[in-house]
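Report on one structure; see the data block that follows.
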Amino acid sequence: MPSATGEKLWIIPDGYIPELSSGALTSHESICVLNTASEDAQLSITIFFEDREPIEDIWEVVPARRTKHIRTSSLAKEGKSIPIAVPYAIEVKSDIPVIVQYSRLDATQAENALMSVIAYPVK
Amino acid sequence: MPSATGEKLWIIPDGYIPELSSGALTSHESICVLNTASEDAQLSITIFFEDREPIEDIWEVVPARRTKHIRTSSLAKEGKSIPIAVPYAIEVKSDIPVIVQYSRLDATQAENALMSVIAYPVK
Amino acid sequence: MPSATGEKLWIIPDGYIPELSSGALTSHESICVLNTASEDAQLSITIFFEDREPIEDIWEVVPARRTKHIRTSSLAKEGKSIPIAVPYAIEVKSDIPVIVQYSRLDATQAENALMSVIAYPVK
Amino acid sequence: MPSATGEKLWIIPDGYIPELSSGALTSHESICVLNTASEDAQLSITIFFEDREPIEDIWEVVPARRTKHIRTSSLAKEGKSIPIAVPYAIEVKSDIPVIVQYSRLDATQAENALMSVIAYPVK
């Protein structure tokens, strides 16, 4: 059976949803998760801010032997979502080991800018 | 004798081949591998998707004391390759330790965007 | 009680404040810190240069259960701050474990360029 | 006495010096090294290629308590240097622990693209 790979807790300190888009693409960020195991991974995502309480335990599922690229703008809980143009940070917990990468496409200008990091794995 | 350096299993959760190119350069992604050993490294690459079964065990060789920068668009097995504009993830297995970095040049717009990460090493 | 996560010492070798800005955004760099603990984190930041003595122990606080995205251009001690267009490096010490990411927006040209790394954790 | 921090062996698999520059800035890559110790660090840099023998043991010094941002285009040994527009990989050895980051500014187009990674530390 294919086994789980990675870690159960991942951190991304620099989250930011750009305010504007122009040109052919829309500004967005993605939390990209790979689940190599033969069972689904249950994620619990917490969003931290500079000046307000965290939004805790937003649930997502990554199916067995699949990747999922999650737009942060789609994350929501009890009517609360991440405001645009506000600095925040992301904690991803999983019930089985997974691997997490974070990427941002900034299309504020007509031409795009890209950044990406492997999230920090807590062991 | 020069010895092998790195790890035998590496993960890149955020793979994506941009749909369009404009300007002087072509959009592309590369899996960049370094083999510091005095023997060749046999790679087995598996591609994971969001909504379909993985493409497993695409074979590549990185010669002794050489680097190889592999375009993901060149990866193919039994007529299957990675479709453009689809989120995917990459697993690179090697029979001896190597080091893996992933970079993307997005030339969707006339001006380029670049991103790069050292892949996640599984120990 | 929420516990501290990460490490107490982080390094970023490639610091650089771009000289110019054009277009809608201003060039800047940020040291992005997440403190998951239920107590405040006391940071001590040291800036290293190529040709002069370091600026040592610039103090910052990251409140409990908050993130803080610190502009490097705002760092100052006894009238000394980081000059623009000069290569430097950053050491971030914390009294409790935190996680640190570094990002740079270069708006030298009308269109932006972005880069980001998780800082190197010293264990 | 300030102590050495980091590791003695670092790897960057994706090296590439862009062929062209346009606009206000010149395409370049930098190997950014921080030496936190109270003694100088002696570096030995080896460049690996896809189709030819490595260039081994190019020497550099990073002074005590200083950073050094080394342009890869400046690296040379016995008349050999890194050709432009050719994929290569970098190994940085140091006699004392240091921290290494690699960044590339691509100014092939009028607008810039940036990428950066913390090099892979071999422990």
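For clarity, chains are labelled A, B, C and D in written order, and residue numbers in each chain start from 1.
One rule holds for everything that comes next: contacts are C-beta pairs under 8 Å (C-beta built on N, C-alpha and C of every residue); 3 or more make two chains touch, one makes a residue touch a chain.
The shown structure was predicted, so the numbers you read here are calculated from the model rather than taken from an experiment.
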item: Equivalent interface positions on chain C and chain D, same or different at half; value: different
item: Angle, in degrees to the nearest 5, of the Cα rotation that carries chain A onto chain B; value: 90
item: Centroid distance [mean C-alpha coordinates] between chain C and chain A, Å; value: 22
item: Centre-to-centre distance between chain C and chain B (centres being mean Cα positions), rounded to whole Å; value: 31
item: Residues of chain B engaged with two or more neighbouring chains; value: 110-111, 113-118
item: Chain B contact footprint on chain A (complex, rising order); value: 5-6, 23-25, 30, 32-34, 36, 65-69, 99-101, 103, 105, 110-118, 121
item: Complex contact set, residues of chain D against chain B; value: 9, 11-14, 16, 20, 48-51, 53-54, 87-89, 91, 104, 106, 108-111, 113-120, 122
